[in-house]
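Heads up, there are several structures right after this.
Two complexes, one shared chain (subunit A), two partners (subunit B, subunit C).
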Partner chain A sequence: MNAPTFPLHPALVMAQLAEMRDQFRPRAERAMGILRAKWFLRDCHLDWGVATYGRVVVDNQGVVELGPRLSFMGGMVPTTLTCHPGARLVVGASSHFNYGVSLEAWESVSIGERCMFASFVRICDRDGHRTAPIVIEDDVWVAHGAILMPGVRIGARSVVSAGSIVTHDVPPDMLAMGNPARTMSMDLVARGTGT
Partner chain B sequence: MATTLPLRRGLGTLLARLKLHRCRAVGLAPIVLGRVWIHGEGEVVLGDHVVLDGRVAPIELHAQRGGRIVLEDDVAIEGGSSLEAQSCITVGAHSRLGTWCKVMDNQYHPLRGNRHERPASVPLTIEEDVTVGSRSILLPGTHLQKGARLAPGTVVSRRIPSGVRVGGSPARVLRTEEPG
Partner chain C sequence: MSTRDSIRSFIVDTFFVDEFGDDDSFLRKGLIDSTGMMELVAFVESEFGIKLEDKELVPENLDSLSRVVAFVGRKQALAKAS
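What follows is the complex of A and B.
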C-alpha cells in the first residue's frame, strides 16, 4: 500500500495535530502550575519554576525557603507546609512532592535537592516529647505513608520504604524499612521484580 | 415508607451508575456514596453489589494505559482508598478494603539506577473474603489468598496464605486460623 502522496491528507493532519497537542499539554499544565504556585505559596520565599498541580496549604509563621523547580502534585488531600514562629523549613532544588505530604517545622526541617516524596508522607520535628531538627540530604526517596520522627538525618540517595516510621538516622545509600525502621543495604534487597 | 423505599433505592442506583460511567462494566445494584475518582486510560470492571463509600475522602481507581482494575461481587471499599493499576489489580468477591488503603502494582521508581524510569509492574491479586484494615499499603507482588485478614496499617509485598491474620510493618503473622 502506498503512502498518501497528497501532503495534506486529513489523517496525517489529524495525527500531527494530536502529536502537537500531546507535546504542548505538559508545558501548558506546567505554566498553569507555576501561576498557581505564585498564589498558594505567596507566603514563602519562592525560587523560580515552582509549580503546584493541586492544592497546597501553607501556614508560615517562620521562614520557608523553597528552591527552584519544585513540583507539588494534586490529589485527594492537599499538601500542607506548616512553619511555626522562629522555625525554618528549607527545600532544595528539583524536589518532587506528591499529594498529602505534610511538612511541619517547629525548629528546623531541611530537605536536599532532587528528593522525592510520595503521598501521605509526614515530616514533623516535634512529637510531643522533644524537638530536634530533621535533615534530609540529596536524592532521597520517601515512599507512600512514611513518617519521619524528630532528630532524624536521612543520608544522600537513601530510600525510605512505604509505611515505615523512621526513628533513627539512615546512612547514605541505604534502605530504611519497617516500624521502627531498620536500615539495610540496597544491595541486599534483591527482589527480581518491581525493584 | 414501604412505597418510597424502592424508588429511593432506584434513584440511588441511577446516581451510582452516573458516578461510575467511566467504568468498562458495572454489575447489578452498585452503591456509591460520596465521591469516586476513576481516571486513566485503562479499564475498570465492577461486579455485582459493589459498595464504594467515598464519604470521608474520594476513592481513587486509577487504571493507567494497559492497566486493569477488577472488583468482583460484593466488594466494599471505604473512603480515601487508592488503587493504582499499571497492569492488573483484582479484588476478589466479598473482600473489604478499609479507609486510606493504598494498592499499587508498580513501584513507579526503581530502587537502583535511574529513578525516573518506571520499573516493570507485578500483577496484584486479592482473593475472596479478604479483609484489609485501614491505612494498609499493598505493594507490587502482593497476593492475599482466600480469607486472609490484614490488621490496620499493614505493609505487604508478598503472598499471604489463606486464613491468616497478619499485621505490622513489615507484615508478620499474628494468628493462623485452624482449618475446620
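What follows is the complex of A and C.
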C-alpha cells in the first residue's frame, strides 16, 4: 500500500549509486593498474594497456619488450623480471602473470600471446651448466610453481601442471607433468568443449 | 594374474572405481584424471618392464582398459622381438 513507488526514494538512489560504483570499480582499478605499470615497468619497452595490480620488480640491463594488454597480479611476493646485459625478454600480447612469477633472461626468453602464468612460476634460461633460450608459444598455461629449465620450447596451447619441472621440449597441445616433466596428449585427459 | 586383471585391480585400488567395463573411456566416464593417468603410466612401466614414449600417451593407447591391455601386449611383443 505504502510501498515506495517514487523513483527518487533514498534507498533506490543509494542502490543505484552502489550499482554504479560496483560497475565503475573494476575500471578504476584497471586505471590504477595501468598507472602503476607505467611506474614499475618504466625500464621496459612497454606497449599499451599493461596493468600491474601489485608490485613488480624489474632489473633490466638488456632488452625487455612487453606486449599490449598484459596484466600482473599482486600478492604476497612480487613478480620479478630480470634481464641481464645483452639478453632479450619478450612477452606477447594479453598474457597474464600471477604474483611471485620469476622471469630471468641471460640470453633469450620469449613468451607468446595469451599465455597464463600462475603464482611462483620460475623461468630462467641459465642453470649451473648451460645457457639456452626458452621459447613459450601462444596460449600456454603454466600452473603454480612450475619450473622451466634452459632450452625448453613449450608448444602452442600446451599446459604445464603445477610443480612440474620441464627439462625437455613440450610439443603443441600437450599436458606436461612431473619431475622431470613427461608429456601426454591433452585428448587423453581433457574433454573438448561440449563433448 | 593376467595383464588385464592386474591393470584392472590397480585401477580399482588406486582410483576407488569399480563400475566400469573394458571398453569404457576413462576420460568420458570420469574414472581417471590427469594425475591418475600419470600414475597408470608409471604403474604400467614398472609392472611390465616397458618404457612408454611420451608420444605414445594418446587416447588410442590408454583411454580404456581394453586399449591399455592391447597396448601393453604390443609393447611386450616389440620388446621381445628386439
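Throughout what follows, the second predicted complex is superposed on the first by the 185 of 195 C-alpha atoms of A that agree within 3 Å, B and C clash if a C-alpha of one lies under 4 Å from a C-alpha of the other, contacts with A are read in each partner's own complex, and residues count from 1 in each chain.
The criterion applied here is as follows: a contact is a pair of C-beta atoms (placed from the backbone, for glycine too) under 8 Å apart; a residue touches a chain by one contact, two chains touch by 3 or more.
No experiment lies behind these values; they were computed from the predicted model shown.
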I want to verify the contact counts: of subunit B and subunit C, which reaches more residues of subunit A?
B
Taking the superposition on A as described, I'd like to know which of subunit B and subunit C A:69 touches: first, second, both or neither.
neither
Which of the two partners, first being subunit B and second being subunit C, lies in contact with A:116: first, second, both, or neither?
first
Examine A:188 and indicate which partner it touches, taking first as subunit B and second as subunit C; both and neither are also allowed.
second
Between subunit B (first) and subunit C (second), which does A:178 come into contact with in this model arrangement: first, second, both, or neither?
both
Overlap of the subunit B and subunit C footprints on subunit A, listed as residue numbers:
161, 175, 177-178, 189, 191
Per the contact definition, I'd like the list of subunit B residues that touch subunit A in the complex.
37, 57-58, 60, 80, 82, 100, 102, 104, 106-107, 109-112, 115, 119-122, 135, 137, 139-141, 153, 155, 157, 168-170
Taking the complex as given, what residues does subunit A use to touch subunit C?
161, 171, 174-175, 177-178, 182-185, 187-191
Touching subunit A in the complex, subunit C uses residues 27-28, 33-35, 37-38, 41, 54-55, 57-59, 62-63
What residues of subunit A sit close enough to touch subunit B in their complex?
75-77, 116, 119-120, 139, 141, 144-145, 159, 161-165, 175, 177-179, 186, 189, 191, 193-195
